[in-house]
Amino acid sequence: MAKAKAVRKEAKQPKVDVAPGTPDRYPLPELATLPDDIRERILVVQEKSGFVPNVFLKLARRPAEFRAFFAYYDALMLKEGALSKAEREMIVVATSALNNCLYCVVAHGAILRIYQKDALIADQIATNYRKAPLPARQRAMLDFACKVAQSSAAIDDEDHSLLQAHGFDSEAAWDIAAIAAFFALSNRIANFSGMMPNEEFYAMGRTPPSQASRAAR
Amino acid sequence: MAKAKAVRKEAKQPKVDVAPGTPDRYPLPELATLPDDIRERILVVQEKSGFVPNVFLKLARRPAEFRAFFAYYDALMLKEGALSKAEREMIVVATSALNNCLYCVVAHGAILRIYQKDALIADQIATNYRKAPLPARQRAMLDFACKVAQSSAAIDDEDHSLLQAHGFDSEAAWDIAAIAAFFALSNRIANFSGMMPNEEFYAMGRTPPSQASRAAR
Amino acid sequence: MAKAKAVRKEAKQPKVDVAPGTPDRYPLPELATLPDDIRERILVVQEKSGFVPNVFLKLARRPAEFRAFFAYYDALMLKEGALSKAEREMIVVATSALNNCLYCVVAHGAILRIYQKDALIADQIATNYRKAPLPARQRAMLDFACKVAQSSAAIDDEDHSLLQAHGFDSEAAWDIAAIAAFFALSNRIANFSGMMPNEEFYAMGRTPPSQASRAAR
Amino acid sequence: MAKAKAVRKEAKQPKVDVAPGTPDRYPLPELATLPDDIRERILVVQEKSGFVPNVFLKLARRPAEFRAFFAYYDALMLKEGALSKAEREMIVVATSALNNCLYCVVAHGAILRIYQKDALIADQIATNYRKAPLPARQRAMLDFACKVAQSSAAIDDEDHSLLQAHGFDSEAAWDIAAIAAFFALSNRIANFSGMMPNEEFYAMGRTPPSQASRAAR
Amino acid sequence: MAKAKAVRKEAKQPKVDVAPGTPDRYPLPELATLPDDIRERILVVQEKSGFVPNVFLKLARRPAEFRAFFAYYDALMLKEGALSKAEREMIVVATSALNNCLYCVVAHGAILRIYQKDALIADQIATNYRKAPLPARQRAMLDFACKVAQSSAAIDDEDHSLLQAHGFDSEAAWDIAAIAAFFALSNRIANFSGMMPNEEFYAMGRTPPSQASRAAR
Amino acid sequence: MAKAKAVRKEAKQPKVDVAPGTPDRYPLPELATLPDDIRERILVVQEKSGFVPNVFLKLARRPAEFRAFFAYYDALMLKEGALSKAEREMIVVATSALNNCLYCVVAHGAILRIYQKDALIADQIATNYRKAPLPARQRAMLDFACKVAQSSAAIDDEDHSLLQAHGFDSEAAWDIAAIAAFFALSNRIANFSGMMPNEEFYAMGRTPPSQASRAAR
């Protein structure tokens, strides 16, 4: 059955969206050539988003790494916990900006705008999170995440105490740090491999909901 | 007459757009309290753009600095020369991102999108100009501008030769360097004074022209 | 049967080796409390190494992250490819030293000494890989890995060309970069969580093989 | 009359002092070729100082930039306010040293010695202002100015509070920051254009006033 | 008599241990060619250690520098004072690691292990002294030493007060700083001259005393 | 006799010049309390220079360190060799400026002006040696010295080849590096101990010889 479904979906393949850009050292593979489980995951994403984010196709050339990467991603970004989904995306955007990762800043900037229902927040956090109009708790969260991203060897008890003072317990601290650490990996993969964000991400979530719903009427 | 005009315009003042944000150490002044020439310039901008960019109101509290700042700005950004208007904005966005200047990245990102007729270019240059799909000439231009922004004392003949190899003569080199230098000033003013970009800038120029004109039909 | 085996092994648990150190924000869990698959993997490692490296117990508190982490690790460090096992460990040691990661420098330093059959190589690479007596190919490999670790956004065609000049094709470049990227993650986890290397690692592989075999006679 | 005066002064032109130095990409223009207002300003400076500081001739090749630059300079350096003239020059010397700007360190070091009536202060502030024998108020002023020069994006309420604790209100903070910002511009212009300080500046103000007046007797 | 002794020792010269490594710009001199006092000192060291540390032979090519270097070394490392011998070696290892000095990290790491009777301490301090299980007093000592090594111009009263709070008076502060300063010199000499640590150092002191004495029984 | 001489000189002691400055953690000792050899050296310097440079008095509190320091200094700065005396002072000034060492920049700046018979050279090299009008050979010398000062671990064959291309052999390279290394020590001692330059140094050598001799007529 999985196979039948895949075949049906493959008919849609022309819609798979691949960002143009610099000549590609690691060209995106054809969907048909991928292992079933990977193709399935990609088709699910396409169904849900309307396009395939390039990170899926870029990593698919290495199935074992693909599976581990997204298992890790799901473990950190989808689980229940002390951090809201928007807060996790704030961490991704702030730390990816420190690493000048075009893919992650643009793609996760889009997701952050949607979760936070705020058209401005992603550009603010990417450029200088200290100027974003955030409550003290989220500012402390990003201070900690950015220290993990930039100088993790210097993290000490004082950093953990600052987090606790804003209501983050040890497990929440792990969540923050682990997301910053995972995107330290992710940013480097995107940077060295020339991964370009899909065009769709740039504009996504920029229309404030009120305006969008008004437009939808 | 100037006064009469000003009065008429002041009726529009409720439309003057002020970004919300962190509590303001340097509150924006009332239009009515400003010297005539400064109010005139602000009203012209408002007429043209539909809103008053915050930089005008923020600097207006210091009339002599306001006049000098915009005279310098005009001298570098409006004059004829070897650089296109879009290229000048590229320099602004690239160097302002190095200085983490939220105001300039967002405001000049908008202007760059419009001049370049490219909805993606500003986010690409702000995050990592090396990944933007630019011709070699513009890449060399931004390499030089970023060196002026970050380590101008190390600029030497080799840097000038690299520019020349891409067709920039000494006067064009001055143009590039002077824009980077002027925004070294501008970024620092915006950063220390807590200048926030107007909301309008974030979305401006993000709809590709073809799509926009189609929408306009 | 898996359960029976686990029970038998648990009798050995007092031998599980836990590094002493700073008071622990994230105490190592009891083997008995862990999911079966994780306990199994840990027991296999203990059987093979004679002790349980702390990274297994530290991460075990988060089963989903544990599984993804080691799946990624296996995908990069155990697969066939252009890089020898010793070369992969060189990358780990060089980049982990840049991040001042005590756990990874000490644990992977041990593994490197064993694979390379060289008692000195790990300290040399950790302190300054440029002074280690390495062939030009491995020096180029570490230059690339360290650039991925420290300034991945600046990696460009020239870096890839340098690798190619030493016989590394695009897939080998991916291997190098992906290992550096994975340990960017790993170093940050170890650093923020206070992961201490097991005592066993410090001395492992320091007796040159000839001497060791002589001692064994 | 302005013209007549200019002609008379031009007879003095051989005395216009131009620093020797590296071959010049941007040669200093002839006074006679300059617009009247710019030539007038230069002649006034020459009359007052006995020579023409190179910054005037270097920038004169670009009249619009010249006018804006000196209008900004006058607005910040000549106006009344909370900072003494010597304090403004301290800011210039400290921040220009951070940018390794030979022209500004030497030229404004001279002016600082004269205003402060202290033959040692400029070298102390240029080399390490923390070692200069300054009162706490001026030390705080330079800490703030240097943060504007080097990491303006990180300036926050705490920095402003430190200033206030030493008696600087918001307007004085603006003065300090704006001078640091203006010389961020000025240093970059001098650095990229190869502007060399006039020889006169090096020795100026180095004879302590008492000694100088004794010599004058 | 000195000569006779030297001759006798020279018979042992084949045992003089010279680290292999990169082709040497500054080859180690023959003992026989050295001035008497220098040869004597080297023979004494060889007698005591069983081999000649390369630093002695490397510097011996410049007798006046040799004599001054070791006079300074003795003045700082052998004298009585507030710091234990192990603490002095901690300072050497921590600051030499900041300078990526292979010779000093390996050679003084060995000495530190022996003085401290701790097989792990040197690798911990070299990789990240903040993670080493040190009492607060020694942590403060290393914080100060590392600031002297990296940014001595920023040392101020607060740094001295922190030391005093841990029981270090002004003379002890001088001891700490002078050792860090002397190894700033030593590290640079070793780095530029390609000085390689003798193989003996790598393993020295790695067998914990209890185990070693057990083995000796 | 030495004693008699000392007594005679001590009568001059009121002339011993001590720089004012920040409250002193390490007060300068009385000449009479110093060991004979150290007092003798200080008196010789005073006789020759007309004052006692503070470095002599500051270090005299630690006789063994004093003797080693000046033996090293003499070995590097006074010996014959490929570098002129002025070139050695250029290295001192350039590297001491990188370390923001007020004492060494001011004191050795004075000596450099005198040896080079150039009133401008010291300020140029201290602020930005790349802008000083130096021949290519001296520029290469300073590039090497500054790399030793700042990132000695990265020095490699290419750096040595660049020196050779300008006529510096291996021994000259050692001279350059050893001076940079010695002042790495010296700068740190001066910085942490609050050593202030004597007032005499600031103005010394600033009158060009021709002018001075004219004045002397």
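Labels A, B, C, D, E and F are assigned to the chains in the order they are written; within every chain, residues are numbered from 1.
In the analysis below, a contact is a pair of C-beta atoms (placed from the backbone, for glycine too) under 8 Å apart; a residue touches a chain by one contact, two chains touch by 3 or more.
Since this is a predicted model, take the numbers as computed values, not measurements.
Contacts with subunit A and subunit D are shared by B, E.
Considering every other chain in turn, the ones in contact with both subunit E and subunit F prove to be C, D.
Where the sister copies subunit B and subunit D meet, the same residue numbers recur on both sides for over half of the interface positions. Chain copies subunit C and subunit F are related through a rotation whose angle, from the C-alpha fit, is 120° to the nearest 5.
Repeating the E-F interface, with the same residue numbers in over half of the contact pairs, is the pair B-D out of B-D, A-D or B-C. With centres defined by CA atoms alone, the chain at the far end from subunit F is A.
Centre-to-centre separation of subunit C and subunit D, using mean CA positions: 55 Å.
With centres defined as mean CA coordinates, subunit F is found 29 Å away from subunit D. Between the Cα centres of subunit A and subunit E there is a gap of 48 Å. Residue positions of subunit B touching 2 or more other chains, listed in rising order: 100-101, 128, 131, 153, 191. Pairs of chains meeting the touch criterion: A-B, A-C, A-D, A-E, B-C, B-D, B-F, C-E, C-F, D-E, D-F, E-F. Chain contact summary for the complex, subunit F toward subunit D: residues 20-22, 97, 100-102, 105-106, 119-120, 123-124, 126-128, 131, 133, 191, 194, 196, 199, 202-203, 206-207.
Remark: subunit E residues 153-154, 156 touch subunit D in the complex. Per the touch definition, subunit C reaches subunit A in the complex via residues 25-26, 62, 64-65, 67-69, 71-72, 74-76, 79, 99-101, 148-149, 152-153, 155, 160, 170, 173-174, 177-178, 180-182, 184-189, 191-193. Of all residues in subunit A, those touching subunit D in their complex are 128, 130-131.
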